[in-house]
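See the structures that follow.
Both complexes shown next keep chain A, but they swap its partner, so chain B is in the first and chain C is in the second.
So, the complex of A and B:
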């Protein structure tokens, strides 16, 4: 996890809020560093994590995780991490008929259906174990990324339904957190993606939006991060708070600074 | 129609109009590239005039000897030949062309041990895959013809499963796609997200840039749309963003527009 980002979000693994939906979003840049942050953050917080990893392989997240001080292999072995490797599973599902319902079953279907099998997978992964005392603090669902589901034939409404069910179970029932990444396709006129992004924005407690710089590539500033705090259940009580920082990604960390305050500029 | 390899120092490579899979020299990384172009598909690259050797080199003015082709281990896939075959087609919402292509690739990966299932008998190698004109009507897809065709998810689904095959085997793939024919911008954005490296070639032929004196020595622009961050938080992004290329019989040069011009005579794609 990135300590500077924790500071900006006023949180640590020991005292993170529960029952929240966090939306990660990237526009004209790669926001995957945020996914790596939350994955390592919640593993360090001793949470039970279900990671629906649709766009990269396990080894990719594992190698980056090691740079951030977590071992995904060990977390998986001790039962803390349930990892759905979407790419590998897709190959299994498409080339072989599965005996039992598979979370990515919809890949075999001619028409876009729903994501019920995927939800069942998440629910099963995060359900509390009855025996003895609780090993883990609270459950967390992490998805990288939801936009891929649209490319695989799912409609935006089906994806929103899926998140709705996940929130009901993970956030409300189990008092855990949900973190999802959705791309902002900008002027690509991707209607389904816009519906998904807008729908989730309204439901989220926290939105982290990584944006490429309007002026183009810069060696010392890789982008800017917009942090938006929302109170979806109390829309009239508090105004949404928004902060913007610029950032630079390094080998094992990300540094943040106020606009125009990059160390390279000062 | 393959160009003759130059077995001394200089070689180059050529893509032609035929739809087939062929092995292209590649590095050791499992990756997938989507490469869009508006240029005619004849492209050359050349070895360096300096001492550093990098890649394989060809002469586009000569043909590859037939004996060399026959002696090589390669597999071709020409859809019109396969479409009526009895290859078992699993139910899926992909177009039949994409389904058959995926099965063809998966079959080679399995049969020749690129996924570790059958140990490779000879020295370990990487399966290089080349797919041309993906998305065009040649593959039974209609995204080049209609803005909102019935097969709108077929291509992206195909790319996803292909990505899965590449990630789970010792293989690399390069794809060309005629994106100038695809009207649906959303599909292009999704294709980009599903790829690792995305390079665009923009020809000056027929465009207003053809007569621009600034571009008189060049044939087109190269746009590096995306480079991957694989196994890493960072990626190695160059700060030279404006790249132009020129295409000669034995030399394919890419030069960056900035105060100091410099060339990549040995760029290997």
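So, the complex of A and C:
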């Protein structure tokens, strides 16, 4: 996890809020550093994490996780992390005969209407174990990312329904958190992606939006991050606050600074 | 104005805005966006309806019942009838706990009521329904529910119905939004600037012109409304009190002012395209003589005077 981002979000692993949906989106840049941040954040917070990783392999996340101080392999072995590796298990859908529906069953069906098998997988992974002692603090669902589900043939409403059920189960019933990443196509006219992004924006409590700089690529400033808090628990005078910071990604951390205040410029 | 008079005036105006939104009945469309959310205003309207003694039904699809009821005190919560479609709207758990027919079935069931009590139905949200149901089905159901009280011969037995629909504008194309807008008696579009929320209210009263007003407001933690004048003047950055205002008409090299005679001459001038009786007389009388102006034209070497082929001189 990136300590500076924790400071900006005013949170630490010990006292993070529960029952929240966090939306990560990126436009003209790669927002996956936010996924790595939240993965290591919640593992350090001793949460039970279900990670639906559709974009990269387990070893990729594991290598980055080691730089951030968490070991995904050990987390998986002790049962803290349930990892659905989309790239590997997509092959299982086709080649292995499964009795119960596979989480990625929609890849096989011609007219898959919904993501119910994927939801059942998530619910099964995060349901509390009645063993008497509570090993983990609260469950967390992490999805990287939802836009690829649109590319794989699901409709925007089907993906919204999936997140709706995840919210109902993970956020409301189990008092956990959900973090999802959606790409913003920006100029490309992708109506389904826009419906997905706007629909999730309305349901989210926190939106982190990583944008490339309008002027193009820069060596010292990799992009800017917009933080938008929605639906705070108490409606105060300053509801729906929004902040913008610029950032630079380094090997093991990300440094944030106010616009125009990059150390390279000053 | 004493503080108590000011407070009464404040609540008077507050009642005016919420009353005007609820008075017409029918469909009240609350159009919000990601930046300016409308659920707080929906809850403020629900609270107002409940305090007025109306029967309030909530079709909750987007947020959990606890989250919707949060912020209401217990007497309001006791008056709300909550239909929960958040936990299992599509019946994936296969337990049939939810209302059979889903949210649409619940909405249609409300068409069949016969109480004389006025009813408010809050749809949270209309966007959720519009994404999953065909637009025509939803519009027919909304029309049937919101126009129950306008059936002739039956109007005394059924009370006024208000349907409050929360619509997220960015999720839908102009077609469905336009269809819902044409069904709505009142439309509130939320926006704002500099942290201050603004409601743009369009009321369509029957047999009258639609009225349009804007109102700055904020919602207090107990979901009552606080009307405001707009972003404060001090927050505008470009008015600097230390620089005296400059009169730009001084030190000019040309004359911007008119003398009295010039002003009279200007006021008595007849505009060329204004049809007055003098002009009519002038046109109807025969012309005194030939036109006194001639045009002399010397054609260039490249000019083409042949009217039949105007493009002949283009070198293509």
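Rule of thumb we're sticking to: the second predicted complex is superposed on the first by the 255 of 266 C-alpha atoms of A that agree within 3 Å, B and C clash if a C-alpha of one lies under 4 Å from a C-alpha of the other, contacts with A are read in each partner's own complex, and residues count from 1 in each chain.
Methods note: contacts are C-beta pairs under 8 Å (C-beta built on N, C-alpha and C of every residue); 3 or more make two chains touch, one makes a residue touch a chain.
What you see is a predicted model, and the numbers here were worked out from it, not measured in a lab.
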{"item": "Partner chain(s) touched by A:14 [first = chain B, second = chain C, both, neither]", "value": "neither"}
{"item": "First, second, both or neither for A:32, with chain B first and chain C second", "value": "first"}
{"item": "Chain B versus chain C as contact partner of A:130, first or second or both or neither", "value": "neither"}
{"item": "First, second, both or neither for A:165, with chain B first and chain C second", "value": "second"}
{"item": "Partner with the higher number of touched chain A residues, chain C or chain B", "value": "B"}
{"item": "First, second, both or neither for A:100, with chain B first and chain C second", "value": "neither"}
{"item": "Partner chain(s) touched by A:153 [first = chain B, second = chain C, both, neither]", "value": "first"}
{"item": "Partner chain in contact with A:251 - chain B first, chain C second, else both or neither", "value": "first"}
{"item": "Contacting residues of chain B [partner chain A, same complex]", "value": "90-93, 102-103, 106, 153, 156-157, 159-161, 163-165, 167-168, 185-186, 188-190, 193-194, 229-235, 237, 239, 241"}
{"item": "Residue ranges of chain A touching chain C (in the complex, touch as defined)", "value": "114, 116, 119, 157, 160-161, 164-165, 168, 172, 194-195, 198-199, 201-203, 207, 228, 230-231, 234-238, 240, 242"}
{"item": "Interface residues, chain A side, partner chain B - complex", "value": "30, 32-33, 36, 55-57, 59-60, 63-64, 67, 86-91, 94-95, 97, 107-112, 147-148, 150-153, 183, 185, 187-193, 216-217, 219, 249-252, 254"}
{"item": "Chain C - residues contacting chain A, complex", "value": "34-37, 39-40, 62, 64, 66-67, 71, 86-90, 92, 127, 131-132, 168, 170-171, 195, 218-221"}
